[in-house]
């Protein structure tokens, strides 16, 4: 039976829908490949032309439901999932989608020599996930241990056309796979499962997608109409943010997400003046990313690393971070302060009381006094008894104005309490190199870095192993930015790791949230990463664009980078 | 040679001034002379005396601004036999005269030809312009003209560029260009000054020959008195923008009536005559003391007065008029009558 | 050397000064300018600007060097002073071969030998005052230190007919004749015994020419200078020089005392040169010898006698034999194989 | 050629080349205007601290202001007293238009005060003319009022003050960079021209290589090589150093050509004939003769570097916060895109200053070129 | 002529080697490499990065990498783009052509506009027209081009919004046109899109060039041979356009060699602002991602363009100026 899209996914009644037409959207960069195994960027075209995985996640309820499987079972130990592949699914060339295609996907993604970006997702804590075909309609996925992220993995575990890739893999091996489906490959040779397939790619200008005629055979709307409604999608490549705004204001694109207040104001003004007719949803939700300051707490035992290793210092530092000023002045009022690593868009997961060390200069001074910084030198900088000045350099990347703005406010507030913060803005690559112990011969040479993270789990939105693991395990620790000594130096580190893995194995949502709260409280007390503030997201689209989610479901988690808060299959153009 | 021809060109009271930042330069300040048909008139005078400006005024090629013909008339009888005042002609009428009735050759053969066109093209340009010939015919004329001025292998040379030719050859090209439309008057502004003596001799020889053949008039500008003696029928001597003496060439050389002319004649070394003999005391040249006057700051009276050894108080007061000293000979000196005798004293 | 017809008469190839002691002895002077070309810009030819030139100058003698443009006069003059390095030959000054001297040794000799240039505009540094220009030489050689220097400069200026108050002025404030005087004062500042005057009056006005020629003549007599006077105008040279060297295409054609050369030219080129000069007398109508054609390229000079292509007396042998300079009359030398002419 | 005698009566004072150039220059109205313009701009840079009512980085994180419009100055108060004063301002972010809204709070009035010192306000202390520390300001208003002559930036920093301080960097950049370029160009061109041979070949090849490599690319990569803990201002001047390191080629080529031709000139030959040493010839004759060109080059290269700096700010490798240059201030306007033009046009003011400075130098440069060129003398 | 060209081409070699080697070193000197960003990706493990580094040859010494690149270059292989996993030749082709379109239109405009203006101003110096041109050229010389571009786009947008004038606001082609256009129609589409950026690109150049040409022409008009032409009775137009202009253009031609690479470099900011898919956006992302072979290729191409440009301008010079002959 075909998959039926719930009526709740769109604000429109099936009867209003008009079919046909083109949706014009925009992407910030040139697409570089059509090969899912090679693609390293996001967003990428292969992902946009893929129907999805065995499971799907409901944008309204957040529930997981079987999508390319008609049904599935989970073993008692929660490790084994068995899927019945949905019958009647077809590739864009008309060939059926079968269990083999998942096995192909598994074989190729987990091939070291192909080296795809997805390779690492086939491991949990260094132990492989195993996929096998039971029969042509049944796929079995075995996880090395019980893990809530399994559901996420399964939504992203997409089939790849066996009949296209396997002959090449057999004859030419990994190299053969890597050389397939480049951006200049004839679109006719690209076989996809999604609602749209490539029609034409004009390098550096736009990608033109057309309707996959077979998609509608197994995807229907709530009224039983074949999907998608649209005939085609046009993805314009506009690498400059200001130029994107121009294109939207000039009416050349239909969906657009203003990324700061200036652009939001422009869109609003244009809509108010009826220069463009459309819808603007400002402040739809928080953004799924963070910005924080991390100190060098390696065991190099210099005055500074010792100081940074003292939680009192970090608490004091957190108390001079004027997050409200950041939101107001840097984010133009469109954002919110953050106190833990959980992105504010995960409203239900945020721990209460995490703002214990919010902006409080007097408190900061008190703590600094306790640390021995009692008197100010002639330059107004605090010194301790040994004559050490309270001074360090805060680094962030030159490409990012927002982070520079944060750094500036930190610098100025710190100065008021007698802490001298020098700022330095460098290239992103250079900054990541500084964080990396290996390229610095084991000695990291920075004081503090202002950086951020993005992506993360929706089932357990806590920073993952590579952020929290402190002893450079194979599966983590490379983003354990504050301590790259290759050993855990502080009790809270081990504590956090233990809690984290406990949460990963916990399939009960409430219990998982409780664990997340515990982790956040440790974080709030220890301030290993001093969180700053998060931006909010905004969405705009023209009147002709229809089929968006109900307002309550519009958030940065459900919206697509290219299409905004809507399922493309349910999107239609009003004429 | 008889000089009884009618007047071809008459310059009357010509004044050409240049306005510069420092003030007005009266480069030509009331010049009067005439040229008869078939005659060679030499204009001599040192650098800055206004020779070139006079000739350019006749051609109406003074750069304007800063230059301006302030006063005077230039009466010219063209091929059509009608006398016109060149100063009053329209630019289009003037263009018809240039290169056709009056042509001009310049001092610098190296820079007076356009480096990026073949000499043939440059000669033909005037022919096409004034004689209505097509390009091919004009090139034929150009070749003929080159042959006429004695350039060997003209068929080949006609397609060459100026830089492929020596100075003497280029001057011949200039002459060929000037003569290509059979002008009634050829103005030659120091045509041989930049050339070597042997080449100069060739060119002078050529010009004399051509004048004999064509019968045109020549206005010959130079400061080389040797060349004057060789070429001219009559001579105009200029100093400080004015004509100071005018007369028949033999008269001028035999009996100059202006101290400047006398000084000039005395100051030039005469080939052969005074050659030094070892052991004997060397002879001295008779130099005119002082310097050429600043054109911005000419004396109120006679412009030669500051350098003149015969100057008297009266010379300082007003510009002396041109005195007719007889026989078509004029001089701008109030003491001209005394000179017959003075000169004898000097030579003695 | 190729054979010459009249070797017997060639007593001394290096032509003696008329009288007195030799100051400068130029022997087989050569200056070739290489022409580069080809794939690796190798030397593909030479401009033979000065080719095997020999002559002597007696102390106190004034010798003229004449010839048409490009005949190598300037090159010869500068090569003698080593302002350009000669390619070959010797320059023996006061008994020393200066071509063999090192840079610093040469510097001492520079006091003795000076040069006056043709172009009074290009030869004075526009950024220096007259006193700087004249004083530079004294500064270099540490002459007349202190207050004396100013006095000396004033003295020099007066000597060349300028006033001491001109000292503070810049060259552009002077007329051509005056500038040439400054150039002369500069040359005299080091008390040289030998001066190369490279066409010092060619660029001057007719009426000024005579002033400068007179000045040079006075100074030469007063200071007993030896002068190599370069010019292209025979008339001026005859006036001031004891002897005259005629050059053509890098080679010497004839050397003779002034009057002798004028009255009795022995070389066809000299003859043509003399006859070409216009005489400022309208009553004299001379028969000119018009030389055909132009001076050939010094890159590819004609074989044998370089003048033969324009010579009306040329015979077949002229193309084969490079004529040597030989004495055809007392103190009169010529480089021509024909004795049956002139 | 004119053989004009100097008439002693008229010119008692002797004119050097330079004084002629100067008198020529003065006669050119555009050049004069340029010089006056530059004089004012550089005076402004010199007095920046005094003219700017606020410090370079002065803003408040509690009393938060962003994109304040220019503060209206009132002249006659309710009592009829005459004198400039301003009202307090009230701000709120308008969540309808997403723009800041400011209204005058007429209950608070503050007179504009002249020649006030601000003891204790470290931010406002500066060194007058570079050495006397003071906080004397030409004009200022007391808290809680704000006096933003040309509005504020997103942090509420006074744009007028930032433009004043920015002028110090923007105006010095051009000079420093072009002087460096000239020094390099002179040395390299001088070596190539004077020694010729191998040195010449090598240097000229290098020039070719440098002009062949894309400049932007060199800049961005070289910029990344600096140690990060270095002072941002120092880094910025190093970037200028790189600019000149890239830019000396053209000048060197010309200096070389000039030296090659000048060394053949008669007056240099005359010096050689007098026995002058090489160093004397280089120092006294060759280098001064390039001076004309160098001066013209300088005056025309400076505007190029001023513009270049604004380009650097555009790609984000120019001067960094909290320091300001006209380029970085204009960069702020550029980043705001259309919003800068529509909602806060005062942010474009730094652009006006760039244009003015470039124009001033252009005028002066053209004037100098004409003044030095005897053919163009008037 | 031919040997001359051959000799010049021989002389290219050291310059080319030096330029590319220098570029290679500088890129590699910069901290980090193509894979640095990958390291910060939470879902990629360090050993994966190491493996890729080996695969890309980034673990080799720089000089080895350079000679490897050079060897490939000589066989026409510019290497692989790390980002695209495609040969650089393929990646760089489109953007190169796009930049060239801008630059060619710009170059043509450059000459077509600056020559008449320069000549006009030279023939009528200090006239109102001349003063006007002078005024505008000073203004254009003073405005940073990227900022000017912003103002222009803003103005165009306002015109479009308020008067409905449909103007291409950036991009290379219109997104509204169907795919199957006749070639001339798509060429026209590209042309009108290229117009605004090309004009802004060359405004500065036109400003300085026309002023330069003005001086040049004025000088040539004072030459003796122009006087000769006038003395022949040639009309003033012919004097200016036939006799003066050709020599006045010589220095312009001499500067032609540097024009192409300079414009390609200068088109940079404008390509970004106008969303023109040229070399600069490609180069900037390559720089950001340290996609060294793309960077190398861009350097190599601009070096070659520079060298070729110089050769071409020398040859053109010899065509326009017969005094120059190369052997």
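For clarity, chains are labelled A, B, C, D and E in written order, and residue numbers in each chain start from 1.
Keep in mind that, in the parts below, a residue touches a chain if its C-beta (ideal position, glycine included) is under 8 Å from a C-beta of that chain, and two chains touch if they have at least 3 such contacts.
To keep track of the chains, here are their UniProt names: B = Oligopeptide transport ATP-binding protein OppD; C = Oligopeptide transport ATP-binding protein OppF; D = ABC transmembrane type-1 domain-containing protein; E = Glutathione transport system permease protein GsiC.
What you see is a predicted model; the values in this text were computed from it and never measured.
Between the contact lists of chain A and chain E, the overlap consists of D. Separation of chain B from chain C in touch steps, taking the shortest path, is 1. Using the mean of the Cα atoms as each chain's centre, the chain most removed from chain B is A. Distance between chain C and chain E, defined via averaged C-alpha coordinates, is recorded as 55 Å.
Taking each chain's centre as the average of its CA atoms, chain A and chain C sit 90 Å apart.
Chain centres here are Cα means. That of chain A falls 44 Å from that of chain D.
Contacts with at least two other chains are made by residues 1-5, 224, 337-338 of chain D.
For chain A, residues touching at least two other chains, in rising order: 242, 246, 249, 399, 427, 429-430.
In chain E, the residues touching two or more other chains are 30-31, 150, 157, 222. Listed in rising order, the residues of chain C touching chain D in the complex are 78, 81, 83, 106-108, 110-111, 113-115, 117-119, 121-129, 136-137, 140-141, 168-170, 172-178, 183, 186, 189-190, 203-205, 208. By the touch rule above, chain B contacts chain C in their complex via residues 46-47, 152, 166-169, 196-202, 204-205, 223-230, 232, 249-250, 253-254, 263-265, 267-272, 274-278, 282-289, 291-292. Residues 18-19, 68-69, 175, 177-178, 205-211, 213-214, 217, 221, 232-236, 238-243, 257-259, 261-263, 272-284, 288, 290-291, 293-295 of chain C touch chain B in their complex. Every residue of chain E that touches chain D in the complex is listed here, in rising order: 14-15, 18-19, 22-23, 26-27, 29-31, 138-139, 141-144, 146-147, 150-151, 154, 157, 215, 219, 222, 258, 261, 264-265, 268-269, 280, 283-284, 287, 295, 298-299, 302-303, 306-307.
On the chain E side of its complex with chain B, the touching residues are 222-236, 243, 246-247, 320-323.
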